[in-house]
Each structure stands twice: as structure tokens, then as C-alpha cells.
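This structure is in C-alpha cells; I'll ask about it shortly.
Chain IDs A, B, C, D, E, F, G and H follow the sequence of writing; residue 1 opens each chain.
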């Protein structure tokens, strides 16, 4: 007699539409979404979470979440939207935003920084793929020095100035309870990132303060690399600019 | 090649296959036709959504680059047949990829050519050349432009990658051959 | 006897190769010839016998194409 | 409650919102509406409601968006430059079909302009300042009492149509004080906001709700594709246009000259009309209370009677376009505009005396 | 130079700007205008000109403001949601009287809408989406060549009037390719920008320049008080309205039905007109090239001849208001709108076939 | 024979209008302006500086500068405007913005942070008076905890979240060459602040990177205090939240 | 107190002096008149700019709170005389502060009362009470409201600061006395 | 003999008191009775004899009401 037990697969909180939604080969927005869905499931937050999708290729994750959701919301403004929801619905509701790097730390700078300063009890997830994926691979605030994009055809240089380390910056604000950066370039990193995501959500559950997780995420077509090479590029190039780890982790803000 | 005006849709899914084929045709047509338009219909191309383009080349001013019914449609992705067969004028031509082809053309007033583009391209060395094979089939079927003009454009575009160029040229020629039949 | 069973939903697989790259037992690989309907070369579960049902391939798959089972007994 | 208090038009916003059971106010300081923000800062928290000072007007309107998505009655208030910054998200809210109330206390423009009154945002408020050609109902109070009453109507209409509603005030209506009666207005009951996001566990059917806008429209969203969305919105706009026109007509029966004015200019015009009538001049007045939808029919009817129109507005000529459209070439239209202000500095305004002067000019001979 | 190249309407923006000696482009990515931004990123730096990708559209328009203040020819390009975010500062630039060119490649709205074409920003572009009731010339190209040519006109008019000029394109005009001739258009010469800020040491008279907007107007600024400012602006707007109307009229002599359309809808309409004429149907067309100022006179003249109008626009009815105003009730006006798109998804558009269908319907019997 | 030598007084670069411009008694915007004018004069920058005034009561300083100037510019956006000017006019022109705290670090967060990240060669002066002065004393991002304003009638608390330390935050960005905070609560602080202002401008002259000086500034009517008490309040209360000093001072960004 | 309608402007510079005087009058008038409006004209008050307000109290509906010509003007800051004398109707009243008074009233069709408000208020203990002295002078001159009504409002407003209240009351009464003359 | 001379432009002085507060020699003070045209009590240079022309009063004056001179000889 054989027993067949499901080990893992598509998270329960991910909806499957009749036709698979288009995505680029090797795009890691799906993986970032997967980690969040898994953690929401493990923390049993499916019933009381609202997912706010910024404009990014990852907006799809809002549509595909078996959660109350809205998106794409106005570019960069998800933290404002989430803040209002949290204030109105109270502690019992978990508010998460899913944003791209361009969304969160270019046009969204004010929205993000101010939410952190206010100690807003929401969790912001930022998929950092070092470019504007959705619009076709332009420079983002996170684009590495020397990196070529469609708007830095010669590579980013002093004309454009320096990349922004979002997780470290957010960690500077007094209202931030948690800030970390993960990647999904190996099973070990997958698990580590999952831990960050879980801790971030726990800060919200425990009503401590603002929480933030940045996740490095491959964008093969815009990086002009095969998917597997993208993961190598993250390990070799991106992580030296964007070190993985926790930058703030407080039990209480005072 | 005597007529005054030609209209063709290239339809595919994702990537730039259909769009590139149409663009090559349009660029090549410029040498012969004073008026050429290329109109892309891309939804969210980077993410594997349908994408098509309309190429019009004409001796006379082209009022609208966008028209619903055209003289010919080249269906690079067989799943798009249903959407596009209606857009061909009576008497027009549909060239369709056979790989994955499930639908039938129900209309009787158009000519249909089924071309094993993907399979042939794969055989020639790269499935990505299927779009050029289909372009060749269109040229072979319609004779609306001398193939050399398109070859030139191909050479310009892939000048940096001789291998890709070669496969593309081979696919294009094979397409012409299949189109002639 | 315990063995892993990996199900690949071919409509979802886009052939990125992450599963194959990170499978610790090399039980999974990108096919050299099998395309899905969108023209992508597919991942294939080639060595059921070595699979330990660790789940890594599913974790790393960004397109939700993989389900992993553990089969016991038999 | 039917208490009588002496307040300015900005404070009347607060009292009206309270009567409408508004749950949260999100706003950013700007003159000449600061009394609104300060009213909410003072009065809302102690009533268990929410006041948040946001980091900008762009932020405010996005807080509104969030609040609207969870089904709460939410509002903001701003003045002209801040209004301009809200355009993108207002358009967004129309797309997503969520309600909110925005109070716009107009000041002088363009640009940084003046910190005082004007009526220069008629165009952007009424015809859609953001992208995408949406519509929203625009209510124009002309007294503190009317501010109080229209705030309640605004919340009702926003919920009824799931669409933003604009209350178009101005620096004069906002800062002048008048006695008002606090009263709760009753409206028809509205359906539950079943679409609101609250976490699916709080919902009877246990199903998730998805509010989506734009290219992401997918089968499970309220409008599954783009053309459906356009049809839904179009039908809704037509419903509003058919059912929500409001205006006040005075002394039209025998009028040879009809004034058309809203907000503070309507007060000045009313005064001028009274003076003119006292001198036996046959002048009447149409005061639109909604400027979108605009009371075109009554304007058209008057035009057909052969009257002249005198539009009075503190800008360079905006509502005059609506009057022109409505009157279909059948009437001569004149304008008293911001160029007819008495004083050169920002405090300048259109006084009733100026309107009277123009009335006499137009009815002489 | 009179080279012939095959480009899309977005790239034609770049070539036109280059011919107009534009010095700097400041922009933010948004579909469907990304080829514009990418063209400048590629072509400008190597020509010693400036390309900067800004952090948002709000930032873009303020970079433009800065660039304009120093007297350089500067421009940006965006699509609808980004356009909405620019409204405050456009209003500001009108107040301060500084020139710039904004290319608006319209996509579907409202809100996040679609990443494709539409013509839904007519209202905000033409009647002033920002606060304060300013005006700006709006040019509407209908081909890649016209994009190239109108870009040059846009820079000229912006400098001539010290006012922003909008080039209102759309996703179809922007992404379709056509051959164009590169040519430098000559305009009358314009006075030096003596008002421009460059540090007073760079100036002959050694005197400082102050550009001020709003309540800060003081004796030493260009417009010393608010009423002067309003008069200056009003006069300027009247000059624009008097001198800058441009349109293309086709086959009006015997037309019984006159199409009115701009941008891509004009191309579709032209095609439909050609087909209809081939069938002997007496249809003509007015294609506004400036939509502000709107070619009201020709519309009025046609209306007086007793024609019918068919307005074709990919929105829910915006330009139709201008036609209504211009025709003064003397003509029946019909509309082909976004509701008449062929397809439900975002790629849907108004095809010539649809216009022809409507033409036949209106000219039957 | 007596000789009469002018020691100090109204700076040469300050214009005097026929009638004195209105100001509140003890408002220190004038003093912040004074320091900048003095330094500009000492560095001989009068001929090649452009002054960009944000919307703040201190916009007056733009009007009163015998320099090319513009203002009030759109709220919060002075760094964008200045950046464009600098790019177009080049190194020879010195670009300064004069902003309030509300202007610079609420609505202006994106504009400021991004200019710093880009290493924009401009200098931002921010007069921090812990409230929105112009609009009548509302809370600003800089308002102290417990401080009462017209929008925090009970004092700023956890509903509003934490104040932002702008000079420290700006110092985190890689493109910042200089960031400091001064006050004008004593002749010594006056001189110290003047030194900061001079160093900040020198960074721009030397083309090193972005420079920023925050200056604590009294707002008597909105603080509800007599002017002299305001200076004491700055010394006693404000400086503990906003320490004076230099937070970044680099000779080169690489 | 028999008439149906009164209009008065209070004009000053900076701070809230003129505005407060007008507001007290308006609030007091509410007890007697069903219709009252107070319209402030403030430019940038916090920064010492001119500020004025119009108070109208009437038995009948007030069409416009904003009118150019009024029945009376109380000029709390003498520099404002020039601006406001024109705004008084023929037969109307102007009450003007004497301190710093440089201008003359050229019109013959209005009554002018010069009141040493600042000086008197200083003498009574606080120059800031000058506005209430001027308000008193208005009431004393026009008798349009029983002074007690205003006293009540004063008491409400300054209930927390007895000393200020007392000086204000004294100034108000002194104003009435000066106004009577 | 050296002495400081301080000129107070009364139209500009708003009586904030900063000059008096920080004058190291207490040469300057707010008048208990002299108003400017706006009703502000004015600063007065009360002890010319002690003034050392250090300039501090001018530095601290936010309203540009003070000019400081040094007078030499005499």
C-alpha cells in the first residue's frame, strides 16, 4: 500500500486562473509572491489580510491572491493607501503592499519614508530587480553603477548618481520596527528570505511599528541574461551593492 | 508586384516575433513603395501576451495605418487564428502555423495556407526563426516584394551575429519555397 | 521505501531552468527538445529514482509549475 | 439636533461631515481652507473618528483611496494647488469605482497664485482635470448653511454612485461666518458595500474581493475587461446627468437679463439682482448647485425665451462655456470676470456693485 | 538636411526636438511613450545635450520648470497618469510665464487604465487640468511627420508666448511607423530671453532677475500685482486664440456630413471619408491641428451651411463639447466614441470601418 | 578727527524695498537669510548664484536677494528645479534652494532624497521651525513629540509618529557630500552655522556632491512664545531632538 | 436700533485686531438680528499685512456678505484711512484712530470721528485693547446694539484671562464714551 | 578712543529683543514705552559708551534693523 503525501507546490493562497497569466521566463516576481503566500498561510493570515499591489509586473500577484486585494494602485502610493486601511480597520487586519523598486523608492519615496516615520503598522514588500521591468527595462533608483538599461545605454554613471539602498534607508527612520533584505538565489536564501518576511509580518501582528522587506528579484529579459545567469548576477554583482541581512529589528520603538 | 496597395497582419504571442517580421517587411517595402506604415498592437508583450502588427505598403497616401480588414494575415502562433481570420477581406489570404493548430478556418471566401513554421525552423537550427519563415511564406505566396529587399534588411539587423543571420536567411528562403506551393 | 514524485504542469513551465539548477539530486532537467505550446523547452522529471522530495524545485520555480509529493511504501 | 451656531464655511464642512457620519479626514495644510483641517484635528479624535495630517496632497488623495476601498466614508479638503496634485488618483478612484468626498476651497491661480478666494478651478473640477475623461458630481455651496447641507448630500451621492464627489467652495464662502442650523438630512438607504475590502474573513460569503483598475482587469474583477469598464462608467455618468442636476432659479418669469453664478459670485449677484429689482430692472438668476451635471435645460429654456445672460465668475471665463453650450447660440452671453475685480492685490473680489453696474449697462436703452 | 527615415511617432518626437534645438529632456518611463524617453537617452548625450531620467512625473515637470527658468528649450514626454501628476506645475509655469513643451502620448483611462492608446486627455489638456484656469496651446499631430514638424512649432510657440505648449499624441500615433523627412522649419526670430535666470553676472545690465509667482508678487517682479498678472495672461491667451488656430479642412465644398477628428481618430476618419467618397457619399472633414485654440470659426461656418457633424474621438465625448460650442445649436452632432471600439480588451480601437458604418447610417435616406 | 567704519549691518546682497516686508516679530527666517547672504558675499558668489525659494514664510528671502531668483516654486520641489538649472548652466553657476521643513521633508521628500542620491551639485538650506509657519502653525514632519500645533492640539503622539531628522537622513545618501545642522540661538551658534553654510557652498563650488544645511529657526507666533523664549526653547528642547553638528563631510564621493 | 440693516468695516494691519473686533460685534448681533455675516479680508495676516472685515447684521436675508460700500468704517490703523474712506456710503460714518494719522478725509458727505484709540488703550493698561476701544466707539456712535451683548461675548472670549478681560472691558467702555461725543 | 555706534532703523525694528538679549555689554535694550508705527516697542541703543562694536546685535537681529559702526579717534 502506497501513501502519497504532498510536500509542496502552489501555495493555497494563490489562485489559478483558467489560463496561466503571462510572465517572462525566469521572472522572480512569482517567487517573491510565493514566499509571501506561504508565510501568510503559515501565520494563518489569509482571512484578514489586504494585499495592495503597486504598478509593477508583480501586480499580478495581487490578482492571483486569494485575499482581499486592490491594484494596481497609483504609482508609488501603496503605503499611503495601506496606511488608511490600517487606521480604519484596526490591528486585526494585516496590510501588505507589494511594490517594485521603481515604484517604492523613486516616485514612491515620500509615501514610503513617511509611512516608516509614522511607524505605520503595515508591511511593505519591495521586489528589487534593479530596473523598471514593466515599462521595458529603464534605469531605476536601484540600478547598479555601470549597469546598462534602456535609459542608461552606456551604463549608469555619475550623470545619474548613486543607487539607493532602500532597506538601509528605511532602517534609519524612527518608526521602523523591522527592515531586511533577502534574495532567492538558492534554497538557503529562499528560506532566509522567508524568515525575514515572517518576522516583518510578525512585527505588524504585534503592533510594533513599520516593517519592510526588500527582495532581490531576477528580470531576465531586461537584464539580457538567461534566467540561471540572472541568479548568478544577483549573487556576484547585486549583493555587493545590496547586502542581504537585517538592518533593524526592534521589539519596541521606545 | 503591380498592384498599388497591400495590407497584411502578422499575429503572434509574446516576444517580438510577429512585430519583427512585420517591421522587416515594412522597411524593405520602403524601397519600392513611397508610402508604408507599420502599426503594432502590443498589450503586455514582455509578459507573453498576444501581439500583432499591420503593415501597409502602397503607391498612394495611406489614410489610416489601422484598418480592421486586411488583404492577408500571417498567423505565427496558431492560437491566434480564431481572432484574425475574420479580419481578412473576401478573396484574401491566411497563412497559418500548423504547430498546435486546433482551429479550422470556416470561411470559404479566403485562401488558407498551413505552414509548419516552428517545426521547419527547429529543423533548420532555431525555433526562433519561425517568424522569418512565415514572412518568407508570405512573400512566396504574394510576390509583393523582391525577396532581396528583405534579405538586405535582415543582413543589417543581424550583422553582429552571423550565425543567427544565417539561420534566419535559411528560414526565410525555406518559407518562400513553402509559400510558392 | 520512500520516493519523491514531482509533477510538472507543462502549461505553466516556461523552461527557466531554476529547478534543474538547484535540484540537489539532479532529478530534474530541461528537455533538449520538448516544447510547451508557447515554444519553451520544458523541465522534465528525469530521475524519479533519485528524487528525495525535498521540495527545492518547487520553491525555486517562479511559475508555479511544480508539485512535489512523497510516496511511501509500495 | 437643530442647534444654531455661528461658523465660517470651512467649519461648516466639518459639521456637515459629522452629520454624514464621515469616519476619517485625511488632509494637508493649505490656505484658505486651514480651518477645515484644524476643525477635524480638534473635533474628530475626541469623537473616536480619524484625523490624519498627510505628507502632501498626493498622499491625502491616496489615503482617501485606501479609506474608500475599505468602505468607509472618507474625505479630504484642499485648495487649488493641492487640488491639482490630486488629479491622478481621483481618476483612479473613478476607474475603481470607489466613493469619496473632496472639498475644494478655491484660491487664486494659476500656480502658487494667491492664498485668497477665486473660482478658477471650475474647469478642472467640472470637466475632469485628471486623465481619462471621467466625471464626478460637483456641488457648489453659496453659504455656510449650504456647505453643511451639501456635505451630507456629497457623501450620499458618492456612495450612491461609487464615485468621488467634489464640493467646490471658495476662499470667501470658506472664511466668512454665518449662523447655521445643524441638522441631519435623511436620504434614501443605500445597499451595503459588498465590494469593500475588509479581509475575506469578515465577509459572509468568505470570498475574496478584488478591486482592480486598468490593464490588470481580469475576469474576477468588478469590470472584467476594458470595454465593460467604459460602458459601466458611461452608463453611470449618464445616470448622474439625468438625476442629479440641482439649481436655484430666481425671478425668471419676467426676467430680460438672467444672471448665472455659483459660490460667492452668486451671493454678489443675488445682491445685485435685489438692488436692480428695487430699481425696477427685470433681472433674474440661475444659480447652479451642481455644475456637473450642469443645469443646461433651464438655461436652454431661458435662452429660447430670448433673454440675455450675464455670467458672473471670479476667473477668466469658465462656466461661461457651459452656458454657451446650453444656450446653443440662442442668447447673447456677457461676462463679469476676475478682470472686473475691484482691487489689484490678492484680496480683490467681484463686488455686487460691479455686477449691478454691468446689469445696468446691459439693460439700458 | 532632408533625410528620409522610417520611425514611429515617438521617435519622431526626438528628431523634431533636435531640429528645434531642444537642450534638455527630463522624463520618467511610462507606456506607450517609452520610445521617446529611450530615444533621448540614446541620442541626446552623444550630441552634448542633456537627458535625465527623473524620479517621477511630478519631478519631471519641475525639472522642466527649472530648465525653463534659465531660458533653455526643454521638454518632457509622458502618458496619461503621468500627465495628471504634472498639472500643478504646468499651472505654475503659466503663472511665471516660462516656456516648455510637454508631449502627451495618451493611453486609456481613467486611472491606471490601459497601456495602449486613447484620446481621453483632451479635456485636461485643452481646457486646463490644473488649477487656476490657465490656457496652453495644444497641438495634435496625426502622423509621424506631423509629430516631427509640430515639435518644432511647439518650441517656437512656447518661446513666443512664454507659456507651456502641449503636443497631444496618442499610443497609436506614437507607436506606428511611417517614413518621415527630417527638415528644419524656419520661424520668425524671437527676442532674447532677457528674463531668464543665469546669475546676474552673465547679464549685460548686471541687474538681478526675479521670477515670482503668486502671492509673492512684488514691485520688482514681471507682473507687480495680481490683477496685472491676470490681465497679462488674459491678453496673452487672447493673442493665442486670435493667431494660432490651425486645422486641415478636406472636401467641405459639397459635404453634407463633416467629420471632426484629431490624432489617430483623424487617420481612421480620413480613411472612412475616402471610402465613402468612393461610393459617392458627400462627406468632408475638419481636422483640428490646434485643439486649443479650437477652430471654432470653420465649424460655425459649416454649421451655418446646414451640415451634420460626426465627431470621432476615442473617449467618452470630449471634443464634441467644443464642436457643440462652436456650432451654436445650428447643426446636428453625432459621435463615434470609445464605446464604438471593436474589441473589448485594451488593444481595442476605433477602426475606419466603424466610422464608415456610421457615415452610411447618417447619410442614408 | 574721527573715523567711522561700518562693522556690520544689512548684508549687501539683501535688497531693501521702499516699505519693510511684513514679518512676525522674532521670526528667524531673516537670520537664516542673513547668514546665507553674508556667506555668498564672502565667497563672492553674488554674480553667479540663483536662489530658489520654496513656499515658506522665508520665500521673502528670494524676493529680497540681489541675485537671480525664483519663488515660490511648487511646494517641495525646489531641488528638482535647482537640479535642472545646474545641469543646464554648469559648474560656474551656484544653485541654492531655500526651503522650510514642511516643504523639504514632507511633500518634498522625494525631491530632496533623490537629489542627494544623484549627488546633485546644489545646496539645499532648510529652515526648521518645527511647524508649518505660513499656513498657521500646523504639525510638520519635524514637530517634536508632545509639541502642540493647530493640527496636534493634544500634542504630537503615536498617532502622528516620529519626527524626521533631516540632516541625518540626507547624510545617508551616497551622493551627499555635506550635511549639517545649525541654529542661531547665540552669537557662537550664529558663527558656527555660518561655517556650515560656507562649507556646504564650498562643496558645490568644488563640484564634490550634494550639500545640505538644516537651520533651526524660531517661529514665535506659532510656538505661542515670546521671541527670546523661543531661542531658549530651541536650546532646551529642540536641540536634544535635533543635535547641532556635521553629519557628513566628504572630500570626494568615491 | 430700529433700522433693519447695518454694515460696517473694521480695518487694521497685521495680527487679529480688526478681525476680532468685527467678530465680537457679529457674535453679539446674533442675539438681535436673525441674519449676520462676518467676512474677513486677510492677506498674509501673520506677517503684518493689512487685514479688514465686513460685518453685516440685518433683519432680512443678507444676499452678499461682501459689498464694496458700507454704512460705516472703523479704521483701527490710521494708515488704512485712504483705502477705506471711499468704501463708505454717502451719509455714512468713519471712525479713525488718531495715532499716526497723516491723511485727511476729503469727502464732505460722510461723518468722521477721530478717536485716540492706541493712546487711550495704552493709558488704560494695554495698547492691544485699542481695537475694543474702537469697537466701543462704533457702538457709542451708532447705538446699533446694546453694549451688554458685546460685553457678554468679551467675557466668554477672555474668561481665562481676567486681567486682559478687564482692560478690554475698560477700553470698550471708554470707547463708547468717546463715541457718544 | 574707540567706540561703537549702533544705528537702529525704527521702521524695521519689531522689538523682538534678540539684540538686547545678546549684547555682551548691555548697550542695547527694549524701550518700555517707545512704539514704532506698527505698535511694537522699539529697541534702543541706550549705552553708546559701553558698546564695543562687536556686531552681535546686528547678527542676531532677524529684521535687518541694525547697522554697527566703529568710531575711531575724536
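The criterion applied here is as follows: a residue touches a chain if its C-beta (ideal position, glycine included) is under 8 Å from a C-beta of that chain, and two chains touch if they have at least 3 such contacts.
Since the structure is predicted, the reported quantities are computational estimates derived from the model, not experimental observations.
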item	value
Higher-contact pair (C-beta pairs counted), B-C versus F-H	F-H
Chain separated most widely from subunit D, comparing mean CA positions	C
Rounded Å distance between subunit F and subunit G, as computed from the means of their C-alpha atoms	40
Interchain centroid distance [CA atoms averaged], subunit B/subunit E, Å	34
Mean-CA-position distance for subunit D and subunit B (Å)	54
For subunit B, residues contacting two or more additional chains	14, 43-44, 48
Per-residue overlap in subunit C, given as positions that touch at least 2 other chains	none
Shared interface positions of subunit E, touching two or more other chains	52, 55-56, 58-59, 81, 88, 92, 96, 111-112, 115, 213-216, 345-346
Parts of subunit D lying in touch with subunit E, wherever the complex brings them together	58, 80-81, 83-85, 87-88, 91-96, 106, 108-115, 118, 120-124, 127-134, 213-216, 225-228, 230-231, 233-234, 237, 315-318, 321, 324-325, 327-330, 338-339, 341, 343-346, 348
For the subunit H and subunit G complex, residues of the former touching the latter	35, 37-39
Residues on subunit G engaged by subunit D in the complex (per definition of touch)	23, 26-27, 30, 34-44, 62-69
In the complex, subunit F residues that touch subunit H	1-10, 14, 16, 20, 23-31, 34, 184, 186-187, 190, 220, 226-228, 231
Subunit D contact footprint on subunit A (complex, rising order)	15, 17-18, 46-50, 52-53, 59-60, 62-63, 65-74, 77, 80-85, 87-89, 92-94, 110-111, 114
